Amino acid sequence: MTELEEFIKKIPFLAHINVELVSIKEGYCEILMPISKIHFQQNGFVHAGVQSTLADHACGVAAATIAPEGKTILSIEFKMNMLRPAVGDQLIAIAKIVKGGKTIVVTEAEVFTIKGNERKMVSKMQATMMVVDIPKN
Amino acid sequence: MTELEEFIKKIPFLAHINVELVSIKEGYCEILMPISKIHFQQNGFVHAGVQSTLADHACGVAAATIAPEGKTILSIEFKMNMLRPAVGDQLIAIAKIVKGGKTIVVTEAEVFTIKGNERKMVSKMQATMMVVDIPKN
Amino acid sequence: MTELEEFIKKIPFLAHINVELVSIKEGYCEILMPISKIHFQQNGFVHAGVQSTLADHACGVAAATIAPEGKTILSIEFKMNMLRPAVGDQLIAIAKIVKGGKTIVVTEAEVFTIKGNERKMVSKMQATMMVVDIPKN
Amino acid sequence: MTELEEFIKKIPFLAHINVELVSIKEGYCEILMPISKIHFQQNGFVHAGVQSTLADHACGVAAATIAPEGKTILSIEFKMNMLRPAVGDQLIAIAKIVKGGKTIVVTEAEVFTIKGNERKMVSKMQATMMVVDIPKN
């Protein structure tokens, strides 16, 4: 799984917003981001777009763990509910597979803020991923 | 509407990803972002999280144009379909109101890439916004 | 297109709720249902499940108009916003294609109530359809 | 809780498609429907519209269990993924609350087919409910 972790660290947008990878298992992915001012919307909460970036990415990686060699994952669509204002020290997205398939993998992710010992769910995503050939740039 | 424009420019996460405001009218908002490497996912396409940030924000601003004084808008939820790989010089999100209400405003946004004279729709969002009191930090 | 219309009239659940087909064009479908008491939820409004049935079906037929021979359409997922209570004489769903593809067709549908000359949008769906081989029963 | 059960049995559309209520607890609802030919789409599978009716209704009832007196629940929006063809003797929707709030209650439902001893998840919904005053007809 180390290759996959290496791969993820090189993704430009995730680096730009300070995302760190925590854990990958079959059908499961956890990613974490230390929260700082760059992530805020107008009221000092983490922007919903930041939350969806983490959740979408965790879903994609969870789906990738069951993709055959030579294949990769693209997000077809996702839906996310924001449950409460996101305030804290760290943001963590935990994704798992709802249903794996040859072409379509349905996933979901829960996003939490962590402040000291307290962990609160701030958003939840349900997302559809597609298994595709690795694009040639 | 200039105050609203000023307000938007001060949002930290939008500044961090180089979002610019183009146009606000009643029930309508257009925002633009010059595409650079910081926005890419692993295949050199604009990350779906970036697209959803623009789309969500445009929806929120479109909804805010009909909110009463002393009120602001929070995103309750959004759903977005990625239609094709997002490649180009600029990303633009155009949002409008589907149905305005006292508490709930339903909106939608189309996201396009622009490359020279060519404009392609790369994603589409349907989003639910809620009219709330301005949070006190 | 008459074969497709014949085909649609034989769908048991649509017959059970009195759905009628109005119009099919390439990438477009309109279906209509006279509203009666059988469609109501607890407050005398048309149940959201009825609205989603019409919208989903119209999306599927719109997508089917661009499917190659020997292929059919399955709904992968849909998202629907209910915009106002659905009250009237007829319910009509109008679907069109947002983006057609070989495997995935993204569609949307608007659902209206009709009462006399008045037409009101009561819900809006964004739906993802997949082109598949015709299942053998 | 018996009053709530009585209330549910009188809902016309649920009666029309043979929905039965199984179980209500705080923040939880299970509803069941014996599958028959009336529920089929063109390939002999339970129509996605039937599945969404059950899932949406179970979500609404789960949300209603935490609504204050004099209030009721309306569905604002839902999103559902169809996971596999729905074939079996019974369809069951199990809903729970993801996050309760004064105005907004976020819920989710899993829909299963039952055939003999076998139970398969066929769809999953994430839905946003709103606490409103009971409408006066």
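Read from first to last, the chains carry the letters A, B, C and D; within each, the first residue is number 1.
Basically, a residue touches a chain if its C-beta (ideal position, glycine included) is under 8 Å from a C-beta of that chain, and two chains touch if they have at least 3 such contacts.
Quick caveat, the model's predicted, so the values are computed rather than measured.
Engineer: Do subunit A and subunit C, two copies of one chain sequence, contact each other through the same residue numbers, with over half in common, or through different ones?
Structural biologist: Over half of the interface numbering overlaps between copies: same.
Engineer: Which chain is most remote from subunit D in terms of Cα centres?
Structural biologist: With centres defined by C-alpha atoms, farthest from subunit D sits B.
Engineer: So how far apart, in whole Å, are subunit A and subunit C when each is placed at the average of its C-alpha atoms?
Structural biologist: 33
Engineer: Taking each chain's centre as its mean C-alpha position, how far apart are subunit B and subunit C in Å?
Structural biologist: Spacing between the chain centres: roughly 29 Å.
Engineer: Two or more other chains touching the same residue: where does that happen in subunit B?
Structural biologist: Answer for subunit B, listing residues that touch two or more other chains: 76-77, 79, 81, 106, 128.
Engineer: Once you draw an edge for every pair of touching chains, what topology comes out, line, ring, star, complete or other?
Structural biologist: Basically all the chains touch each other, so complete.
Engineer: Quick one: in the complex, what on subunit A touches subunit D?
Structural biologist: 79, 81, 83-84, 98-99, 106, 108, 121, 124, 126, 128
Engineer: Hey, which residues of subunit D end up touching subunit C in the complex?
Structural biologist: 7-8, 10-14, 16-17, 37-44, 47-50, 52-54, 56-57, 72, 74-82, 85, 134-135, 137
Engineer: Going by the contact rule set out above, which residues of subunit B touch subunit D in the complex?
Structural biologist: 76-77, 79, 103-104, 106, 128, 130
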